[in-house]
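Starting off with a structure, shown below.
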Amino acid sequence: MEKNKAAILGASGYTGGELLRFLLMHPHVEASYLTADKHAGRNISDVFPHLGGFLDRRLETLDPDALPEDIDIVFLALPHGESARVVKELHKRNVKIIDLGADFRLSHGVYRDWYGEHPCPELIEEAVYGLPEINRQAIKGAKLIANPGCYPTSAILGLAPLLKEGLIEPDSIIVDSKSGVSGAGRSPSLDHHFCEVNEGVRAYKVGEHRHMPEIEEVLSVYSGTGVNVSFTPHLIPMDRGILSTIYVRLKKKRTTAQLIGLFEEHYGGERFIRISPEKVYPSTSQVRGSNFCDIGMRAATENNTAIIVSVIDNLVKGASGAAVQNMNVMMGFEESAGLEAPPIFP
Amino acid sequence: MEKNKAAILGASGYTGGELLRFLLMHPHVEASYLTADKHAGRNISDVFPHLGGFLDRRLETLDPDALPEDIDIVFLALPHGESARVVKELHKRNVKIIDLGADFRLSHGVYRDWYGEHPCPELIEEAVYGLPEINRQAIKGAKLIANPGCYPTSAILGLAPLLKEGLIEPDSIIVDSKSGVSGAGRSPSLDHHFCEVNEGVRAYKVGEHRHMPEIEEVLSVYSGTGVNVSFTPHLIPMDRGILSTIYVRLKKKRTTAQLIGLFEEHYGGERFIRISPEKVYPSTSQVRGSNFCDIGMRAATENNTAIIVSVIDNLVKGASGAAVQNMNVMMGFEESAGLEAPPIFP
Amino acid sequence: MEKNKAAILGASGYTGGELLRFLLMHPHVEASYLTADKHAGRNISDVFPHLGGFLDRRLETLDPDALPEDIDIVFLALPHGESARVVKELHKRNVKIIDLGADFRLSHGVYRDWYGEHPCPELIEEAVYGLPEINRQAIKGAKLIANPGCYPTSAILGLAPLLKEGLIEPDSIIVDSKSGVSGAGRSPSLDHHFCEVNEGVRAYKVGEHRHMPEIEEVLSVYSGTGVNVSFTPHLIPMDRGILSTIYVRLKKKRTTAQLIGLFEEHYGGERFIRISPEKVYPSTSQVRGSNFCDIGMRAATENNTAIIVSVIDNLVKGASGAAVQNMNVMMGFEESAGLEAPPIFP
Amino acid sequence: MEKNKAAILGASGYTGGELLRFLLMHPHVEASYLTADKHAGRNISDVFPHLGGFLDRRLETLDPDALPEDIDIVFLALPHGESARVVKELHKRNVKIIDLGADFRLSHGVYRDWYGEHPCPELIEEAVYGLPEINRQAIKGAKLIANPGCYPTSAILGLAPLLKEGLIEPDSIIVDSKSGVSGAGRSPSLDHHFCEVNEGVRAYKVGEHRHMPEIEEVLSVYSGTGVNVSFTPHLIPMDRGILSTIYVRLKKKRTTAQLIGLFEEHYGGERFIRISPEKVYPSTSQVRGSNFCDIGMRAATENNTAIIVSVIDNLVKGASGAAVQNMNVMMGFEESAGLEAPPIFP
């Protein structure tokens, strides 16, 4: 059977590269059309030598009108603002769209507070937040998916079962996240120059990172109650991975075993969630290259608090893997199609 | 003038190596006698090639009775428990002692809860907690110093001004710390094998690290009120450095500028504390190799919380640099003697 | 159709983990029986959390007699010497054997010079050196495969076309190799402790590494002429990857383009060899996690020398991927079965 | 006594930062005037937070005419070409000049072959190559110093004793160098973006790096015979350090012990050269942050070849430390003034 055809707009960055890797392993979809303005005219294997021999595609200039007729699904890996402008054009066509950027993740009001005017507000309501573990039904019928941010994915998956159960004070949540450098993208900058990052750790955008309102809004909608989060991202010297350490106050006394039981029940059928046993906390290295979110936890019964540790590969479950998972849900494929290779360690 | 003579018991580990580095730069003290059971009989430059040409000393077997008569000060860099047994012997002599281990940091009761029976309880009361920034007077007259733990140093220095001012809820404190690998010492183990640590981040000993009671007890004594801390250490792929992100609830509304003003006033004359300006947060790479503790902060006036980011080099301000600073205070030298070389970046 | 059953003896090290990863992706073979003396009784996902949910297998104590009857192929990832003793027992049975260790790579005389007495000399002649790119026919019919060393794989593949063509002086060869740390295995040691390796590079076993005679003997047999190699391995701070820079003197004037043409022709049908275009030299990061050997080169016509740069993932083409490739050849499967996932970058 | 005053033109890069670090430890010279076009108007501690509290200096725009009258010595850490234009202006004044760039390292003809037209050819002859270990007398009287390149320093110091003795074939030399990333400077670029470098090693500019003619010309002059070098630089994932592995053919049979003896005699009084004992090879981590060049070696008597392993910190002995050493020689200070702090490990 002929494969479905995907376009990747912004194919030369790290999320573009990972989309290509997963599509190369996908039974039903192939990467058929690629754009990358900075590298237009070059072959994809020039900018990603690791893909040499796998894929022979020219990188095109981004032009929504030039998108071939036979494209079934479009992935956008573009700077924020640019995504929305392209979506506006593509939406007229009969094509499914997954935006890996931030343009359709927030409600209009919140977007304006954090980013300014929205280039395409009329489509915000239609966009579906693409985290299947909390939103699968809506994704099934969606035409336009807002793929979640990397930090929010790790935070939301670590909090959803507790909030759903009404077990935590929704204004007590602290999310302390540690990220590898690939989350910052492939464009050179002093902040991500090798020697500036290596052998150091730093906090950045303390209390003002744009993923904070995303976490708050998604969890508020999900739990039906206003959620406030104190969010601090940190940059650490590694390529991939996010570990979020989440601190909450519990409304009721719960043991660690009870919390683990709650998470296991909540995420029972989920292919990409793994719950660690008591006293074991996941490392980002155990999800490297894969679409898993691994979660460990500890309750302190003496003061009704709990700590949840959630790890993902920021480029996979935090970006491209999630996008492929969303595509699978939208298009009716096995949800794990293309995503079944085990993590790679060490 | 002849230099004072120091002994280092346990000289072949990382803290031993750093003590040697600082003593080599010290105007008034020299490393005169070194022990390292595992390497007894070898020259120090065999186990630390970087010191080749600087120091020609044989490593001896540890034997308190064999300590030369002319030693003025003894640094102990030994496993916990062993320190206390050696201190018991050395204490009979007229020699100053700085224990870089954990044996004399806690009160007797707390020690028992976390470590078991103490090998030398009669000296616990005499020992002085060696953090000059909160305890300088007591250090001046001390004979036996308990050098602080690395995590506690970063946490205590980030909290002391707020607690002294009575500004924070003492049971609301969360300390999320990220450490380089040298804090785990130089003995090989799977947990600190290169490929197990590199390209990953993990939490460990969540809620049960022995530095938690140290932070709580020291801050309780310092502030005169019972302090509770939720402490989570993380291991990240770098050699040196600790960054502690500290979350507190404020009793009164304070702006970031006000908090910074408070810290600057509190630490006004301190040589080894640097306060970052508003919106700037320190990286561990800016204190590498040095005795500094750099602190940045942000207040959230909307909900009366604050985030403090505190960085040290765990082997320096978190261990050997602090020990030399303590020695300087005890022996009446310039407090920064031997510690004046700038940090090394990158 | 039921899958063939594989046993992995020594499953808890890095090569064991990678064998498991590739078998999990293999259409015709499954890992059915695992041993790991140090961890006997534990589940494989306790020692390799990244494989959690993929494989539920108990680790057994190594005992050749206890190997289940239904095993079709055995992979040995054991210390040298131990392999040979186990092979001696297993050889009596109707089972294919792939030894990832060094016991059957060398002729008897050379083995004795470098390792001492051989525990099972009677099987040395039967063993086939498992590098399909130079030895495919012999592998097809083999019962016992000696899987190549990691350094030799990178060196031999970079030299074979030139030697086959009689193009280089066989006593002029210099191989300067740089390896990630996983090549040293998973057993903790000071030399591979994080802080000893990170932020440094060193040469080791200069002129006396046991992979040197392997390179020399294999290439001598392959080219029919005595080959001498000066081999210097280096350890660099990364998990995976070997880059070998090879310096040779050419017997005849050749341009870079001519050399590239020669390599492309020689390796024409090879699935796992990729030749870089002129002026491009491969990075180990472009083969990470994959079974590729990528090769770039440059001829200096003014003095008839050439430099070849050859990169592999030491755990894959340098160990477990090659073992699976050998298995595929031995058992008549598609040679790339289980090995088709693209490299992972970054 | 008042200190001499130094200017650093191009103070915001890594070599600028290291010059500042060493001058802060210097007894007789202070950094008095700093330029950095990109950051003009900012304080040096804004671009180098590690120097906060040590130095309060505004960064100026580069303008040779604006150089204060009281400057005694000028360090240039500028892009090639720009250096020469500035030197042309500064040379009119009574000021000593140390150029850390490449503009005055080569003879006019060789410069033209590798860089094109020289902006200030009339001063090339006057410039003295600033490697005190081979050129101390000329440096003493010099007004203009060409500070050596980082790779050449490691290569030349590893070869000088052998060439001086006439012991090696001067056309057989292979230099395989591995460098940390700081050698590429502080300007962001894709090639030195964190994720492009981390977890990988690659060769670059094979056979066409501009440090190759520098090595050849300096050694030819030094030894009085034409020297040809095959030079291949590699980039490895660490901040600092160069390790050069040097392969040579010996004209006469020599044992390793004899070679070591030769090096020890040759470099007898040198403060910054350390020779490793037999069977020991230096790691870059043992010179980190220091001005040492450590050298180990092995002779293969069976075929009259030798391997020399030479390590430096590229930012120190390969750049700023060497510059301070040159200044000390030029100005009559103790040669190690400001450079006496031990290396920092780990």
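To keep things simple, chains are lettered A, B, C and D as they appear, and every chain counts its residues starting from 1.
Here, a contact is a pair of C-beta atoms (placed from the backbone, for glycine too) under 8 Å apart; a residue touches a chain by one contact, two chains touch by 3 or more.
What you see is a predicted model; the values in this text were computed from it and never measured.
Engineer: If every chain is reduced to the average of its C-alpha atoms, which one ends up farthest from subunit A?
Structural biologist: Of all chains, D has its centre farthest from that of subunit A.
Engineer: At the subunit A/subunit B interface, shared numbers over all numbers used: above half (same) or below half (different)?
Structural biologist: same
Engineer: As a quick test, compute the distance in whole Å between the mean CA positions of subunit B and subunit D.
Structural biologist: About 36 Å, centre to centre.
Engineer: Taking each chain's centre as the mean of its CA atoms, how far is subunit A from subunit B in angstrom?
Structural biologist: Centre separation, subunit A to subunit B: 39 Å.
Engineer: Express in whole angstrom the distance between the two chain centres, defined as the mean CA positions of subunit B and subunit C.
Structural biologist: 45
Engineer: Which residues belonging to subunit B are in contact with no fewer than two other chains?
Structural biologist: Expected reply: 14, 180, 182, 195-196, 198-199, 237-240, 282-283, 285-286, 288, 346.
Engineer: Using the touch definition up top, name the residues of subunit C that touch subunit D in the complex.
Structural biologist: So the residues of subunit C in touch with subunit D come to 171, 174, 176, 178, 180, 195-196, 198-204, 206-207, 228, 230, 232, 234, 236-241, 243, 245, 247, 281-286, 288, 296, 298, 300, 303, 305, 307, 309, 346.
Engineer: What does subunit D use to touch subunit A in their complex?
Structural biologist: 14, 181-182, 186, 188-190, 192-199, 237-239
Engineer: What residues of subunit C sit close enough to touch subunit A in their complex?
Structural biologist: Those in contact with subunit A are residues 14, 17, 20-21, 24-25, 48-54, 182, 199, 239-240, 274, 276, 280, 282-283, 285-290, 294, 340-346.
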